[in-house]
Amino acid sequence: MHIGILTGGGDCPGLNAVIRAVTLALINECGARVTGIERGFLGLLTRSVRPLGLREVQGILAQGGTILGTHNRCDPFHYFGADGADCSAQALAFARELGLDGLVVIGGDGTMSIAHRFEPLGLPVVGVPKTIDNDLAHTDRTFGFDSAVAVVAEALDRLETTARSHGRVMIAETMGRYAGWIALEGGMAGGADMILLPELPFSVEAVARLCAEREAGDGCTLICIAEGARAAGRELTVRATLADSPDPIRLGGVGQWLQQQLQPLLSSEVRTTLLGHVQRGGSPTPYDRVLATRFGYHAAQLVRRGEWGRMVTLHGEDCASVPLSEVAGKSRNVPLDHPLLAVARGLGVSLGEAHR
Amino acid sequence: MHIGILTGGGDCPGLNAVIRAVTLALINECGARVTGIERGFLGLLTRSVRPLGLREVQGILAQGGTILGTHNRCDPFHYFGADGADCSAQALAFARELGLDGLVVIGGDGTMSIAHRFEPLGLPVVGVPKTIDNDLAHTDRTFGFDSAVAVVAEALDRLETTARSHGRVMIAETMGRYAGWIALEGGMAGGADMILLPELPFSVEAVARLCAEREAGDGCTLICIAEGARAAGRELTVRATLADSPDPIRLGGVGQWLQQQLQPLLSSEVRTTLLGHVQRGGSPTPYDRVLATRFGYHAAQLVRRGEWGRMVTLHGEDCASVPLSEVAGKSRNVPLDHPLLAVARGLGVSLGEAHR
Amino acid sequence: MHIGILTGGGDCPGLNAVIRAVTLALINECGARVTGIERGFLGLLTRSVRPLGLREVQGILAQGGTILGTHNRCDPFHYFGADGADCSAQALAFARELGLDGLVVIGGDGTMSIAHRFEPLGLPVVGVPKTIDNDLAHTDRTFGFDSAVAVVAEALDRLETTARSHGRVMIAETMGRYAGWIALEGGMAGGADMILLPELPFSVEAVARLCAEREAGDGCTLICIAEGARAAGRELTVRATLADSPDPIRLGGVGQWLQQQLQPLLSSEVRTTLLGHVQRGGSPTPYDRVLATRFGYHAAQLVRRGEWGRMVTLHGEDCASVPLSEVAGKSRNVPLDHPLLAVARGLGVSLGEAHR
Amino acid sequence: MHIGILTGGGDCPGLNAVIRAVTLALINECGARVTGIERGFLGLLTRSVRPLGLREVQGILAQGGTILGTHNRCDPFHYFGADGADCSAQALAFARELGLDGLVVIGGDGTMSIAHRFEPLGLPVVGVPKTIDNDLAHTDRTFGFDSAVAVVAEALDRLETTARSHGRVMIAETMGRYAGWIALEGGMAGGADMILLPELPFSVEAVARLCAEREAGDGCTLICIAEGARAAGRELTVRATLADSPDPIRLGGVGQWLQQQLQPLLSSEVRTTLLGHVQRGGSPTPYDRVLATRFGYHAAQLVRRGEWGRMVTLHGEDCASVPLSEVAGKSRNVPLDHPLLAVARGLGVSLGEAHR
């Protein structure tokens, strides 16, 4: 048996742990030959591959990133060659030339969709879900999320000392364009006073009122805001035009926008930190290393049992799988009745709602 | 409503997060008065209590230990006063004097048993489970466990560089007298080559053989062993007598014992690290902060709804509860068919078994 | 003897370690009474003080921030009361009312200047230098700097995995408006490929050329840039006007500016992270805890020996002091012949210079 | 020019940073060819070498251990071949066969002595000092020390929460057989209440008295003890004989010994943690990465300038060097008048002295 592995989409702590687990399990349990495909599906077009053996995956468990490289946007079905045809046939031909019996694809929603299209063309696939946003419909948790939450919590720990020493309002903007999981769990773990999510439009007035109340009580305010959070009925994009260009531009993120809204209403200083890519790089937490290892092992079991066309999932403490056909385009936002929202409110953490 | 809180048993990261969540939720949602009882049940005898308000629990979320103090062995039913009677009546009288309507008790198996005996005497109780060992029968996870696993994984990361640089066998002994969860998850997260658990007696010969094989291949070996692990059919206690005392004494832990067994059989140097109490102290991981917060909030809900006599649990992603009467004396070992054992074997991690 | 302590200026890891050391040493060695003044010199106007004893400073060694609070801009010589006179007399009167024999002032350049003006008015002062920027003229190192460098290095570690996995250019903007010490040491510790400092104007063309070369060699580029770095002969401020306001605004920092310059010249994606306030909050590194403790102890010695009007310094491994009169307004940039610049160049780390 | 690099002696965080800096600087500045010799001087006997280029040293800056491997005891002048002659000639012959113009040797006292003996035989050497103990006579600091101190401080942070929650005496035993630097700086950084050093024999009675006083005041005690610390006039080694062997054995370390002495005298529980090898493994702190990089670069400069027979040193903020002939056998203990001892005493940290 000869199996290819590739990683697609954005960086995520735990990718190497999956690669290691898939490789070790396939070699140890199936005697398989394993080949790494570089930079996602792009490697099938550029013919960039390398063998993966025990030695190649040694010591990578705790390493961030992916030893195979990744690519955000390479979809062979949307790349077109000189003859006007898309490049999927070329990718497929190269997979056949390698003699691949199947592919283990580690990636997010987009990567899974591409993988799913190769199936009917004769390249069987097993998927491993990857998203630091934890917003996949069919699985309780995804690896990388715990690591991102840990980065946010550590940043809030640091910002809190400054906020308290100065009596300031500190805003930390986290990842999460559509789903607020990182901001919610990171904010709760970091002791935020206010958590603003994409799922729950906030009221600038309510936010300002709370900051002012805390200010009056000699306190500081720590706000954890997801990049996708929005004020109800307000447009975020401050239209700006550069002196030397007529095109309007985007001005920082929602954190900076909120700072601009709040500052005139408060006497405390307001400061914003944009956490950015540090949330998706670096060594995975031990929790994520174990989860990624379990996902990788489970993917190898699906391969071993010939259960192609499925993606690994987690339910409670157990790994399971779902058909790839059910995966595409389904994301999981924070439901408005999620228990952790009740916990937040019960502890006096504001969600920026107008009427509370 | 006036509620007391106490923490009993050994230290565990996340205790303060529970105290904070219980206190905030009881104050915010029930307008309750909250009193902290110091040093576990001992505080009911020594009359050591203090009020807990918003200010008292501010900033303790990320702190290790317990601001209330704890005590390993104080059981009022087994302390006897001058009059020959046990001290439970005295404890109860003090609780009445305080006007407590109930008690939130955070502790392990022993603490829950004591709490349960106060119930029929008219002091209603809600329990929050605490054990870094993760060996409670009725809950998937307990707070503190993730933090202990993280300490083990970080130690293995450090030991691995030395093991590899010197071509050594490094043994790390973790907590876990009866259950091997910490060694298993910590070992998997830290990339151990061998994991030895209380649940699965190991063969010294098998361990030595694997070390020798790796030695021959220019490799090093990282062994993660739970303090309760034992070699099949072998007695651990090397009987030693001191020059100035005829009593036999105990010689270090099982890690050091294993080192003594292995060293004569190998040419590599063997070294042992006993991780000890660093596994149960210090700031909780973000995961544990969220879990402990959820446990504390849920305990406050049980109080609010008058569901006394129950202990909080976690099933999958949801908090629930069980009657205290079902809790006592039930622990949860690593079952021999646990998926993570299969993962370990599949990845070539040895469990020290004789015939594999 | 009755001594006051205050902390002024921005937050900095290690402030609490200084407060603790000063307090413990004054109490243990001089039997002094110690009073904390809250929020810098502001506390002398608002009459906000609190006693500091052994109990108050227990457990604060490793805590970030300052338990006394701080204030960025309160200068009693520039605050004017209802009578038109500045508030220095009011501050002085309150210090006399408290019966203070002297003040230990922990702060930066601005705080030292204010402190120095109180001296001739009869309020003797000892200073402890504080700046995470490490840019003080009279001392080799200041506490907080090592902690800031550690935050930068950890962020670069994380960004590097993403940069390498995607083949990207990652820009990390650090603190350092005038002096590049944080970017230089943080960049060297984090393995940056390029370090851009305020002291050494860079060439956008040189930067782009190097990125392109690395891109061609399948590599990624990690750029560590101080907020005060500037391109030679180029104006940073992209003038922008908001749709609803005619005033030109500032657009992000130099990191984002550089990204805008580089992106059109490269095929790799360029991404920027603005580290911000996480660099000055949080628990100090062990190195900073020891240094801050030594500074605090040395300040107490100056008080004990009556050596007023001096600021603590570090030379090599030894603490010393200089007159406050020599301190004001003298900062220490990275000299262009600093050995670490030679190390950087020798290791192939680019400093963005045009002709290398 | 063709230069060999080797690492000898025990593991130490920062070795890879030195290897990287030496390699990059020799290649970039001298166009040299660089060869890594594996497992210390042993590699010269086993003919185990490998080329070091830009690619080989990429990404190793932050890695613990040494990519070249090391060996504790291989001294070619003390290995004897079949012909009865020592193996130094064999090592030398292989170095000539490789065409080495010189050797950069990274190691401790023992490694430097061996290196020094090769010099008159025609193999010129430059040395880079390595000891986590920081006890070298000619240099202010050595890399790896800051990392060891950080491990100790973090462990004390963790142990402190448990000590305080239980009202316990916690003993942490650190490395430092002859010199107490790690215990001293680690203890100060971790807020130890008592620090016991090899340089200053302690009094068990004084230690017990202080613990009892703190116990009486409801406090806990955190003791940081170097492995080489000894009680004045007391023999450490409890002679024990095993049931099945007549030979006396050693019983744990001085930490466990102290626990046995203290426990009968106190009502608090006493617990010991033996930090062990985690102190010398793992990723170096940012401080150590910069220091190791500077040492490595400076070694390359000595090679470039032909200043053979010297070892790199640090004085204050500057790198310098001393002749290897002056290095051998000179170690640097904590002098009894060291400023940090005065700081400790001034802050009320006990050094276990009888008459204080």
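Note that the chains take the letters A, B, C and D in the order they are written out, and that residue 1 is the start of every chain.
Simple rule for what comes next: contacts are C-beta pairs under 8 Å (C-beta built on N, C-alpha and C of every residue); 3 or more make two chains touch, one makes a residue touch a chain.
Quantities reported herein were computed from a predicted structural model and do not represent experimental measurements.
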Open item on the list: Along the graph of touching chains, what's the shortest path length in steps from chain A to chain D?
Closed with: 2
Open item on the list: Measuring between Cα centroids, which chain is at the maximum distance from chain D?
Closed with: A
TODO: Averaging only over C-alpha atoms, locate the centres of chain A and chain C and give their separation in whole Å.
DONE: 33
- [ ] Check each residue of chain B and list the ones that touch at least two other chains.
- [x] 154, 157, 160, 164
Task: Contact pairs between chains, per stated definition - done: A-B, A-C, B-D, C-D
Task: Residues of chain D that touch chain B when the two form their complex - done: 7, 10-11, 13, 15, 39, 63-66, 69-72, 151, 154-155, 157-167, 170, 238-244, 248-249, 251-252, 269, 271-278, 280-283
Task: chain B residues touching chain A - in the complex, by the definition given at the top - done: 20-21, 24-25, 28-29, 54, 59, 61-62, 140, 146, 149-150, 152-154, 157, 160, 164, 185-186, 188-191, 285-287, 289-290, 293-294, 297, 300, 315-319, 339-340, 342-343, 346-348
